[in-house]
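What follows is a set of notes on a single structure, which appears directly below.
Letters A, B and C mark the chains in the order given here, with residues in each chain numbered from 1 onward.
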Amino acid sequence: MAALAPLVEDRTQLLERGRAPGGAKSRLGILVVPALLMFLAFAFLPLIGVLVLSFTDWDGIGDIGFVGGQSWVEVLTDPGTWHAVWLTFAVMIITWLVQTPISLLLGTFIAGQQRYRAFLAVLFFLPLLMSSAAIAIAFKSLLDPNFGLSAGLHLPFLAQDWLGDPTLAFVTVIFVIAWQFIPFHTLLYQGGVRQIPEQMYEAAQIDGAGRVRQFFSITVPQLKYTIITSSTLMLVGSLVYFDLIWVLTQGGPGNATRILALDMYIRGFQANQMGAASVIGVILVVVGLVLTLIIQRLAGRDLAASQMEGM
Amino acid sequence: MTISRTSRRTFLGLAAGSALGAFGLSACGTSGPAQPGGAASAPATGGGAAGAATMWALTGEPNEKIRKDSVDAFSKLGKGTIEVTFFQNDPYKAKIRTAVGAGQAPTLIFGWGGGILKSYADAGQVDDLTSWLGENAAFKNQYIASTWGAATIDDKIFAVPIQTTQPIVMYYNKTLFEKAGAQPPATWDDVMNLVNVFNGQGVAPFSLGGQSKWTSMMWLEYLFDRIGGPEVFNAIYANKPNAWSDPAVIESCTKVQELVKANGFAKGFSSIAADTNADQALLFTGKAAMLLQGAWVYGGMKSTAAKFVSSGLGYGNFPTVPGGKGDPKNTVGNPTNYFSISSKATEEEKTVAKAYFTDGLFTDAVVDAFIQSGGVPVVKSAASKLASSPDAPFLQFVYDMVDQAPNFQQSWDQALSPAQAEKLLNNIDQLFLLKITPEQFADAMNATIEA
Amino acid sequence: MSTTVATPVTAPPKVSSAQRRRVKGRRNYVGGLFAWLWLVIIIIPIYYVVITTFKDQGAYFTQNPLALPNPPTMTAYQEVVEANIIRYFFNSVIVTVGAVIPLVLFSFLASYAIVRGNSRLLRVSRSMFLLGLAIPLQATIIPIYLIITRIHMYDSLGALILPSIAFGIPLTVLILSNFIRDVPRELFESMRLDGCTDWQMAWRLAFPLTKPAIVTVSIYNGLNVWNGFLFALILTQSPEKRVMPLALWAFQGEYQVNIPAVLAAVVLSTLPILILYMVGRRQLLRGLTAGFGK
């Protein structure tokens, strides 16, 4: 069997979902049951638990006292909460802006070069093999102003207050996250680029298009799916990202890196305010939902467009 | 590329099989941490009628080995067995709280006393040991008196001291002082003078692991006490309104910020993490002259920089502040660690736990082990044994410090309630970063006073 | 059966490497510069990690952090192996494999059903999955803990596997359904006319065509489960049930941390996966590039 590329002449056909006729509908329902059951038992039920807890002022060990919206008011009027929200969005967006172009370029490059490709691909992948905690520990030592990288390379300008200055700490966090995940997205783009048929480039070359033009007119549009997948994973992932930032900065200095997930953990497990932590939890779920709807809307539009651009 | 019938079946079979296999390997669990696990139950030696208790404690040498040895030795006495599990510090705090909250705590709960113990006591999760201690006076009297403070809530005792005492000590690099021709600081004025001296020599006056905020907190703990006496923090602890607006608070914060502005702390101190031991390293590599830290770093430095410790390390108490009301012999730090007994444990488990207290906790073997490892166990019997240790001068210094202190202030982040402690560390961080003024600090902390 | 003129473009047609290089000639300078720069950025921390594992704990501070150990020592590795890290590694493997396979399997079936079907159950499921996209781990951990202890699965690897599967489903379903939606209706119709059941269509048609997505989500979820710390911390206890992330904490005491040992644990845990990757890289890439060209 050959996997078939769609050469579709009728655009309207694209927009129709493939619906199975008649009787097959009921049988399809069964297929969703395993996932649904798992999800309900171990994800949805706890989510309800979180919602319930958000209306309490439980401290984790005593009696659970219902206080109506008190925890909600407390959290929503705390400027720290909004700071955390803002930080979370900043991390999400800047992460995307930093990681996507770099991964795109690197992925394209590795896909093309024949000789060094294998060698580079292996090395590039290494950060992914390390756990988040491990990476954070390694960088914490490396960034020490007296015993870290700056001392090692004898480069005094590297001895900045990386983890102590609020702005620098934020930059450091973005950098280390990028260090960890660019390999993954590079891999995705590498796979995506290798699917692009050679003829397209040759045709463009014949038409006189230069490198850059080819990149933007062929490579990028053809990678639409990959970009959407990669971006979805990146954005949703950074929303609940916790381990690395926690080990690296614990949300500090001050509140400079206290994104929502950290804020939630600190409120719940350090300040022992499970009610307030649950409020943040609900906020995260809502933000995730909104985010997905936005992505879905963008993805829906692009589905039609890219199909037409294919051969 | 059709998947043929057979290979699809194979694939599905494989998938299901591996999942089930993983499941089968793993599914046999227990119904909670309070039940001793199957594979890990302690061997029952001696009397079969004695019960079993569970214990949670912290990882990290040397205390982990000493604890394990003491539990093994106790198990041989026939009064019961104890199953001990070790956890790392920070994760442990999250884990124990979850377990206690679900009514699934181990019999013996490791803790630091203070605010968290209070929350357990208020929720009825730990037993009141006051009457039992009354009945076992000999046991109670073996301890250094000041160590009971952190375990006492509203005049009732809810925990038993178990390890070494860890006051905060001023360490200094003797070699650097000789080179500068200076003396260790006795007063705060000396401190500010030394800052100029050492900066002039290109050496950081004080090392500080500012990224771990509790290290900065130590400075304020001492300053509050030296300037205003223990009453200042006692008022805060008692949640008196506006307790943070005490003039001693403002003066302490001001002094600390003066020190920061005068470059008293190592450059980039807010990036230096105490948990990578980078702050100690500054001291023993000769990059900083002094370090205010806990007694525990002595043991750490001994294992990584033995030569420095034996010939170049000096130590003393925190300097006085001119015009200050606090007794210069007062000390701050961690009095020790504690074990509490979970109120949800069975009678049998509690009996074993109490037997461990009287017969396993501070046997001579245990006391010797602590002393050999460079720590001062909190029992009076240690006093005579210190001289035999290779670290005798330091241990004697620590023992005297704790024994003679009219007041031993527990670390604030342990003494206060967790919610207050979290805000406190945050604000201290801002203070040292010069992002807020002392007045703003006081206002922010006043807002945390629990009505 | 509608006629479709299909141009098979599975793999790029055979072009000589010289031709490829000619075609992609000049782009390589910018990309090349980037790649080498990035290589340096990646290598330095890894180099640091590796050489530190051969250093003595004391020497760690007195030597230049980037200098080779002098003298090199295996103490850190000794300590790590003695601390039973092999056991932790296997536990991690069990949990990761035991979670990712059912996760991807269930999600694939669910995605297929959601995209291809149209019943209320399916629509409701879809909405519920969307809700679960950004599940706040730190907040749900307590309710999960209560559930796990109630069903007597506390301190088992299954306690780690089940929630991991559940949490990964929403995102996986999202990504997979995007890909399945892309398969043209005609292909399904022609198969149905040949007498295929839905089950067969799912496996013979949808599955191969969504391979890149399946590989992607498998890696993504695999990484997340492999790195997962909070579940393991709260839901397991005995040393026999610990997973790798917890192993790192074994070398961090209340006041001291043994950096060479921590990093040695990191290296030992990474090595087998590295070998696996080097061996399976081709398969991985093949999986990622299967399916029709986009």
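In this section, a residue touches a chain if its C-beta (ideal position, glycine included) is under 8 Å from a C-beta of that chain, and two chains touch if they have at least 3 such contacts.
Keep in mind that this is a model prediction, so the values were computed, not measured.
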item	value
Overall pattern in which the protein chains touch one another (line/ring/star/complete/other)	complete
Farthest chain (mean CA position) relative to chain C	B
Interchain centroid distance [CA atoms averaged], chain B/chain C, Å	38
Distance from the mean Cα position of chain C to that of chain A, given in whole angstrom	13
Contacts with 2+ other chains: residues of chain B	1-2, 94, 98, 101, 276, 278, 281
Sites on chain C at which at least two other chains make contact	61, 102, 105, 142, 146, 204, 208, 259
Shared-contact residues (touching 2 or more other chains) in chain A	1, 3, 60, 141, 147, 269
Footprint of chain B on chain C - complex, ascending	57-58, 60-62, 94-95, 97-98, 101-102, 105, 141-142, 145-146, 148-150, 152-161, 203-204, 207-208, 233-234, 237-240, 246, 249-250, 252-257, 259
Residues of chain A defined as touching chain B within the complex	1, 3, 59-63, 140-141, 143-147, 159-166, 249, 252-255, 266, 269-273
Footprint of chain C on chain B - complex, ascending	1-3, 8, 15, 18-19, 21-23, 25-33, 37, 39-40, 58-61, 63-64, 85, 87-89, 91, 94-95, 98, 101-102, 104, 275-278, 281, 284-285, 294, 296-297, 299-300, 303-306
Touching residues on chain B, where the partner in the complex is chain A	1-2, 93-94, 97-98, 100-101, 119-120, 122-123, 125, 210-211, 213, 266-273, 276, 278, 281-282, 287, 417-419, 421-423, 426, 429-430, 433, 435
